[in-house]
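Listed below are the structures to be examined.
You will see subunit A twice below: alongside subunit B first, and alongside subunit C after that.
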Partner chain A sequence: MQFLSRYGRTDWFGPLLVTILAAIIVGSLSPSFLSAFNIQVLLLAVAINALVAYSQMIIIAIGEMNLSVGAIGGLAAISFAGMMQVWHMPILPAALLGILIGLLGGIINGVIISLTGISAFVITLASLSIYKGINLGITEAQPFYGIPNLVKHLGNAPFLGPLPWLIIPTAIVGFGLWLMLTRLPIGRCILAVGGNRHAAELSGISIRLTVIVAHALSGAIAALAGILLCARLQIGQPTIGDDWLILSFAAPVIGGAVLTGGHVSVGATTLGVVIVAIITEALVLFNIDPFLVQVVLGVLILWAVGINRLREFRLKPLRRA
Partner chain B sequence: MHPPSLQIMDISMPSDGPAAASLDASDTTLTPSPRVRRVRFYLTNEFGLVLLIIIFGAAFTFAVPRFLSHFNLFILGRTAAENIVIGFAMMVVVVTGGLDLSVGAIGVCAAMGGGWLMQVAGLPWPLAVIGGLLLGAALGFVNGWAVVRSGLHSFIITLASMSIFFGVMIFITRAQAFRSIPLSFASFAHIRYFGFISPLLLLAVVIMLALVYLYRLTALGREMLAAGARASAAELSGVRVKRVIILCHMLAGLLAGVAGLMLVARNDAAIPSMAGQLGQDWLLPAFLGPVLGGTLLSGGFVSPLGTLLGSFLLTLLTNGLLLLQIGQFWVEAVLGLLLLVAVLLDQARRSFIARRRMI
Partner chain C sequence: MSRLTKLLGCVGALLFSGLAVAYADPSTKIALVPGGPHPYFASWAQAGADAKKDFNLGAADYKVPEQWQLADQNNLLESLVTQGYNGFLLFPGDPVGSVSTVQELTDSGAPVIALAGCLKDPSTASFCFGTDVYRSAYLGTQHLIAGMAGTKKRILHVTGFLVDPNTQLRINAVNQAAKEGGATVAETIADIDAPGPAEEKINAYLAAHANDIDGIISTAWVPSVVSANALRRIGTKRIKMVAIDHDKAVLQGVKDGYLLGTMLQNPYGQGYIGSYAIDKLRNGCKVNASAPWTKNALTARFIDSGTVFAGPEQVDNYLQSMQAITKTIFASFAKTYLICSK
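Entry: the complex of A and B
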């Protein structure tokens, strides 16, 4: 009993239980769910969506929000594709420049927010339109088709069994974030600023620098997600990132992130992404209307915030004791 | 469970959600009070907006003489009417210190509901319009109820509900448009008074006057402002904050429905994609109007006239940029830049006023 209550209090236990249950239920109803090919498709979706979720998670950690995650991802994706098609750049510099663009976008967000003290919501709403507008201005809503074959291959092929290449950058980023948030000073600063900004400032943490670093990281991760999605789709679509907003909030919230900041979990967020992916996959496997995916995501968010709220009340007396 | 008063505070205390937590920072110099309105007229936000509208209007006329043609003025007014009402829909929720990301989704749902009533159910259009508006208000009620009951910030609730409303609407309509809209209804968007005034623009002005009446002269309006300024104080002075917040969300749903039905009249059809994916295309105009108009995002102060002027300025810029043929693709970037400049200028104006003690 003590064992259960100890694990019940961690962020990852609930989502893990749901993940396993969902996998068992869907797997038993539809045997093709557990086929190697299907798992590969699932992992491809998880690899990209997890980055989208991390990008938002790091901003939730400081108690803010970033509406421009999708716009930064889209801008990085079309720059990546455009640089390879129009300027015939090699793959690696193009990808690095794409990530640099995302980093810059994030830094601009962070600098404006921390210098002016205006809410992150308004600033990122404005930068969402600016980045999206630049995207449309460059592409004129036409996709870039000239993606090198190597990128197309890496974007879809597995390197070992059902494990796709795309999972590698995601795993590195996920591990890096976990290390940062639990072991490195800057990660602890980010959580401290999110937990109690005033207390963090009094203990000598530079709020400005922390906010800028968090936004820069968020931008870079969003850009990486855009580039991976570009490789996966095999074209540089200007619409990449348009539908990331809901998902980027759903996964961290399912993973027990507290929206006022100071409490996020990389592992649980990843499980949140897996849950969303399994449910989306199940809707496809059972021929249920794909339009319902949006409804399911919305319900999942509500359900998760409800559970988080209950946990808050249940856990408060335990922590105090 | 926790005491009820605590729950109320949870709803709109700035520390509750990320939105409120950071929105609150935007106004530390001025506490929202009626005295704010007595700034000298040339320092008011409204005066600045009128000035900007005149400057940009003159510049566009100079660059493109076609700008002042009756046809263009008519188009400008008609589009402005939609943006103004969208701005109002967001404004009435921002008053309480919350926000409503689902205005676009509700607007499209109400428009599709109205379209269905006209085309499939065959109701006469006034009844169908009422039906559509009721649907909008009902969806607004769902938002408000969920916000009040859960005690969570409206950002996360409306983020989820925008996904749910839009998804259910697409599922029910199978993403098909209703294209047989009665001519008598659609003609509202095509009538021109004096050659260039759209009845829709007049409707927007009437709505503005109604909102001014609501916030200045009715007890309910004052209660909404009080609940937005400081929920706990309002609760202690006898305002039923929960009920007020639900009413604000219902009003937002109703106004979003008006904007959606205006779009139906203009398009001669109710189209599910007319506000973009999940209604996200409305978000920028919805926030630009109130923010340009000086409405406090932390709640407690509104300016319906400012919102009207702000939304008009945004439409004017869009229209002018399209006429200049700068490329329709750059318009969104310019509007984003406008929002950024607007909030920065607003910040500067506030600190200037505070420093010179000009209030």
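Entry: the complex of A and C
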């Protein structure tokens, strides 16, 4: 009981249980699920999707939402590829400029939201359109193919066993976010603003600055996700980011994030991404009718969220004790 | 714009510049509108530009909806009408859902041709001009089955958006060809004509079931690219594959022996001849009801824009193959499908 009481209070315990349960079920029905190659494929998906989820998570933490996560990621991705193909820019400066574009996109979102007081939903809905429009204006819906071999290699190859190179930047960002949210003043400010904006303001926190910082971080992380996906796909596809929105919310929510703000967990969000990745793979491995895939995916995500919520419900008496 | 498309456009322009016809109308403003951003439609931009020049049109502009959403496409079309566009070449966002929008366009006096994908009959579109996707998928599967001789002939089919009117036709065609060729479709993975989902699902399938299949047939652009890259990454030539379209990764895969070949389509020809036809329809020509229309599952007025298989021997000369098809269609197009008073 003490064990359950201690770990059950953490956000990551429920998603971890679901992850283990899902891995056992899928692994027992399809033994190849646990093969080294499949684990590598799973980790590649998790590496990018986790960044997408972090990008949204940091905005959920301040009690807002960012609809332009995919548009910023896509713009950064095609900029990264385009700078290397058209201007023959070296990889590192192109990647840094790509991230800078994402950072700038996020700052613009944050500044407009802070200055106008208009809902982040409305502002990011508009900026989604603007960033996507710039993407299409640059690419004319055609991919950039001039990706250097080193980028292609880093985007697909493992560095140790089944561990892909792409997992390294994601791990660094994940650790950095955890450190920021739990140890650094700016992280506590973000959670305070999300938890109770009025109280945060009264205690001297600059709401404007906090909102701008959160959106800037979100933009930079989304840009990094776009760049990594570009490396993985080996082309700069203009459609990168188009399908990120649902995932960006699903993983933090599975991880127990409170949509009104003030409470998020990096570990649980990462596990949320793993759960969605396992479910997505399972649908392929078990040959689900393509016309039913979306239905089954939705039901399974509900199942994962339900188990987590059930755990919280059962732990309430323990917490009171 | 890719060098490939430019090359295609330049050669196309040279090829057809001599065929520009009289009665062209500089007041004709055509919009070529795909369902959403997708590399398949890229050649439409050059085709429109060439048609504008060759047929003395006011405009023939490629206009892309921001996302692959019917609502986005409808909003764009309404905006284009207010901007003065008076002829439309449209890939329907939905074979049924787009019918009412097309009706509004034609009611305003703008002729519409469904391009690369058809509307469900009845509709007010003049006709549908695109790849016979059933035939393309069927022939591609036949080439794959021939290349898998001596194996158990187990096929993975990877295909595009389920909202694409062509996807179900492709699924049916692959299943039919497999049935006739003594092959088995082990699985159909659909809705993956976007980079992220395609990477995730195709690689997951290959990680778990690479030994359970002998061939891959791809009937959509992005899955073709992702599958070609995956086979190269795995380093296997045991699994045979036939792709679709002319992405660089696919063409290189064919050259390097990772793919048996690819089924080429003719997007440039669709945009070029389509623009010509819209201008003719705006200037007094009528659709010839007794023309030799092909029927498909959606419409009784379909014209095949051509499809051809390109293996390692043909892959370097595929442009010429498609140009030859375009030239043939164009030469008899007006006489066959239109009735013009002048």
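The rule we apply is simple: the second predicted complex is superposed on the first by the 286 of 321 C-alpha atoms of A that agree within 3 Å, B and C clash if a C-alpha of one lies under 4 Å from a C-alpha of the other, contacts with A are read in each partner's own complex, and residues count from 1 in each chain.
In the analysis below, a residue touches a chain if its C-beta (ideal position, glycine included) is under 8 Å from a C-beta of that chain, and two chains touch if they have at least 3 such contacts.
Quantities reported herein were computed from a predicted structural model and do not represent experimental measurements.
Using the contact criterion defined above for the overlaid structures, shared-chain residue A:246 touches subunit B, although it does not reach subunit C. In the superposed model, A:277 lies in contact with subunit C only, and not with subunit B. When the shared chain is aligned, subunit B comes close enough to touch A:292, but subunit C does not. Looking at the shared chain after the overlay, A:237 reaches subunit C, while subunit B stays out of its contact range. Applying the stated contact rule after C-alpha superposition, one finds that A:120 touches subunit B and leaves subunit C untouched.
Once the two complexes are overlaid on the shared chain, A:136 sits against subunit B and subunit C alike. Judged by the touch definition given at the top, the superposed model places A:45 against subunit C, while subunit B stays out of reach.
After overlaying the two complexes on the shared chain, residue contacts for A:63 are found with subunit B alone; subunit C is out of touch. Once chain A of one complex is fitted onto chain A of the other, the partner contacts of A:263 are absent, as it touches neither subunit B nor subunit C. Residues 129, 132-133, 136, 140-141, 242-243, 291, 293-294 of subunit A lie in contact with subunit B in one complex and with subunit C in the other. Residues 1-2, 5, 34, 37-39, 41-42, 45, 62, 64, 66-68, 162, 171, 186-191, 194-197, 199-201, 203-205, 207-209, 222, 225-226, 229, 233, 247-249 of subunit C are the ones touching subunit A in the complex.
Residue ranges of subunit A in contact with subunit C, taken from their complex: 30, 32-33, 35, 37-38, 40-42, 44-45, 48, 129, 132-133, 136, 140-143, 145, 156, 229, 232-235, 237-240, 242-244, 277, 280-281, 284-285, 287, 290-291, 293-294. Of all residues in subunit B, only 1-2, 15-19, 21-26, 28, 99, 146, 150-153, 155-157, 159-164, 166-168, 170-171, 175, 277-278, 280, 283-284, 287, 291, 297, 327, 329-337, 339-340, 343-344, 347 touch subunit A in the complex they form. Of all residues in subunit A, only 60, 63-65, 112-113, 116-123, 125-134, 136-137, 139-141, 242-243, 245-246, 249, 253, 259-261, 289, 291-299, 301-302, 305-306, 309, 313 touch subunit B in the complex they form.
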